[in-house]
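Input: a single structure, listed below in structure tokens.
First chain written, first letter: the chains are A, B, C and D, and each begins at residue 1.
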């Protein structure tokens, strides 16, 4: 049993961590911090957990957790995690940060898109970007893992086979992504109200969303050349789920069958990535509550474009599930522990 | 490992059985029958199962399953299960029927509400009504279990402590129940279309719904007197979940605290029933995808009525989860095997 | 053309007033007040109004409106309207208050349920309860109209024919009501977030909701005897719409056909109340965006209870539409002006 | 008063026509045909219309309507309208066809995408494509109007200013469109069930949808050069509404302000098209139930692409509202009659 703490346990990603870790046979959850709900049982904040957790949230300085836990998940707004990770590293506590602080190799990229000073620039190069399908071995050895953003997870998994092989024009990529409202977090704000979201769809952050440079960093690394993308997120009236519809222009002639084979080869043996049969287009609800990423693609022969659809649950593979997957790798547990579950469907 | 088959595997309750049994370490799923999808992989019918089941649906005469399986789940429309259960019993195959055929002790009650002839009247008295919280020991010994209806599960669990103790007037009970659309099954019919259900709520089957006599049978047994209820189901624009709001008039003065204690005592040690803290009213989403039943109550002192709210997931505790719970009891497995999971929330 | 102002125009009921009045040929909307959006066009706060209103919200002391308008709608939280109404009365400005301040004839009923001091006790007796189906003539003559609450509108219209004739036991009434989330207003609070409401249903304010005494006041007046009800509101995952399911025990034998005739007679000639054909149970979406109230009923012969279902759009007939109906009556316009529209369906 | 008939009145677009025409002061609706609901009142098929229409659906040969009406709307599946339109033309009855039969100037384009023989090839050239913002004068003079498809309406209005002026590369256009489920019609099919659509989003018809050549035909005409687009529709869990997110690469440098001015100029005076203020991205709910099209755009300077978002209500501006707008033009009524209403929002 490994001792695990969660810093910022009462947001949606924190609660999803508690849910998944309650199913984990090798983890002892030793502490949950919350500034808002200190003194309350997590099962009162999230009654879905009634009968599954007796833990009481604590309004603790995050540093105190470093004395109780061997691994900490950080689920705080950006800007708070980097200094904490540095402290943890000194004490030999492993860190999985669900925020953006440690995702960028270039400090200035982070600073220019997030408009804050980087809190631990010395970690920028050494933190591992926690997408197991691309970085599995590095994650196993990592002390600090930067858990990917939800949109980037879905976009990068959708594009990796194409860019790795240099099959598409790196200037042609457009990612039209749609996310459920849980992606906006548990903050009481007007734009997240039921009545404002229900029966509606809208783009936001057009041409300016902070997940753009994260996607570009990882795609550029895969392509070994600079990739710039147009990325448009949309707010979708569902609780959980992201669908990214991705467009890229082929630079050499490939059939749809060859494209499918590329994906099958690239993701062979991956426990959480599935290419669906031809014509079965992924639906967000097929991955609801699961750590799966489901993909499909088509070749638009009239225009020479490949169209890829990629779905994940933004709170699971897009955040807390992937974080547990990273924990499993970092601790030498079987990678699918607490995660080997199909989506809740219907 | 026990060999298990599902007859009628491609409806919503069938798919939910496959999902749950894919998590069950003591079950080998050996056959899935389907009249519509024979020859197709269940994971093509329900792509959420991709990577979790390789089974192919078979268009088999149900009887053939009796040669392959030690336990069969029957998820067919009413009228088909009773003769099959009789056959299974002869062959020593255990049966859990998710339909209504075997729920009634009085053949004539079944026949008058369901408008069909009973297919195995000799089983009416011996089949066990599979509500573990009331009939646990009988289920352990049962060969044939009649899995309760979804509405009855939520209503009976909500009322049992009051009726068992004789605390309420048996003529005063009103059950105003609301169910998600999955309760209507996976049939392509106008009234189940998205556009017909979305942004809408309506009662149906008012004063005539077939779950009425099932609720009355079990409540009458608990109360040891005849109970007649007014039961009004409603169609709710959600996929999964039932909330029953229940009204009953006290026959002797009790405080709200005493009422709470009644429930705590009645359900002490139950793994799947939770009385929430005072003032936390159950929400359907708190049990989403789980086998839990969450309850709360209030005393309306102005009118002398108790008001109880009871939520379940209609496909899990209201159908397939409870069926797996019954399987566990019948086979001597720990009762919570494959079911010990909190609701997916948020 | 009559000059009209709205005090508190940027909440949901305010916006619905603007929408409806933009269709009104006899109304000139002269001022909209808002504390939050002063200086912004209402069409920027609610872009649905783009092209239909050029009005700019003003952060004005409400009193100033009394100099510009002949009629004012007050859409403020309770406690603010009563003194304003008193002031308006002095100046000869007509008032339609969408809040609770002036709905109660007994000052102490208001004060004990709303926990505030009544702001104009002298108006309690003279303000007219603005339910046109019951009080049409008084509304025509009124200077101050207290627009009914949303739940009371649906409940009272559902019960009026039964109570007027003394057909049911006044101690037997249970109202199980379900409302869309717009009923909670446009406040940024946790319980109104999309993710907290979606795929969920829950009761709230059980045995304590403030609409209880309002319902009882009007039903008691109709029955000419004291009526006490059990009233349970629920939060429903839709934007607009209320369904009240109502239970009452008959005190003399009536057939369902006789009951239907009662309703047909009671509502004969009413432009906004429809009894649906037998077996067609009202759906909230059938009145979406309209001022209609649709009803149906059944007799549960087994228990002697009548079950009535009543639907309205909580923002229209349950608030702003009814307010415009009252305006029409008070100003001598045809009663259906700007309101004669079917629900948006599908 | 003009006599109007609807052929195929009980589908969703038919019902929307009845709703809108019930508000039209110059139209007498004389006949509704339905093969399924002959003999039933339209207000029983769509109870939202209770009190607003007493018309009874008739199971008539469509030809009979030509004797009763001066204008007919045809809301039938493709393949049925063309011969009917030819017949109507002979008799001097004006036709507005909501299907695809008469939208294509090239018979072979229609036949190759729709896989049927064209039913009236002689009309292909003379029928007018009923998008008033582009073809207003031709519509005024037309005898037969082909009402545009829902996706094409939103896509073409979103792109017209860019293509008209030759500002974008005609090979660069990608349209990622999302539609509510009412777009799939009122047919009882599995993929339109509530449970299959709810909490989900998926692409469909990728690279093969029949609205592609319709969009290309109109854009090519505007651009005066061949335009080929990649068009990806998605099924969105809402009842009404389409959002098209559109990508195109600029061929000459323009600022965002210049782009906005292009749109303002192009749509100056248009009653139903609104460019929202900078940064206000259109939401489907802002046009709910209305005939409006709301637009906004951004320039992605990093990639040289313009991103346009365009929303309509698929049943109103995307079908029946636009059809009424065409009726108004063809009959010389004010263009906005029965249509000058903001979206129902909240």
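The rule is simple: contacts are C-beta pairs under 8 Å (C-beta built on N, C-alpha and C of every residue); 3 or more make two chains touch, one makes a residue touch a chain.
Predicted model only: the values in this text are computed from it and were never measured.
Although subunit A and subunit B share one sequence, what matters here is the overlap of their interface residues, and that overlap exceeds half of the numbers used. A repeat of the C-D interface exists among A-D, A-B or A-C; more than half of the contact pairs are identical by residue number at A-B. The greatest centre-to-centre distance from subunit B, using averaged C-alpha positions, is reached by D. Centres computed as Cα averages put subunit B at a distance of 45 Å from subunit D. The mean-CA centres of subunit A and subunit B are about 36 angstrom from one another, to the nearest whole unit. Between subunit B and subunit C, the centres computed from C-alpha atoms are 39 Å apart. The set of subunit D residues touching two or more other chains comprises 12, 182, 186, 195-196, 198-199, 237-240, 282-283, 285-286, 288, 346.
Interface residues of subunit C facing subunit A in the complex, by the touch rule stated above, are 12, 180-182, 186, 188-190, 192-199, 237-239.
For subunit B in complex with subunit C, the touching residues are 171, 174, 176, 178, 195-196, 198-204, 206-207, 228-230, 232, 234, 236-241, 243, 245, 247, 281-286, 288, 298-303, 305, 307, 309, 346.
Contact residues on subunit A toward subunit B in their complex (touch as defined above): 12, 15-16, 19, 22-23, 44, 46-53, 182, 186, 199, 239-240, 271-272, 274, 276-277, 280, 282-283, 285-290, 292, 294, 315, 340-346.
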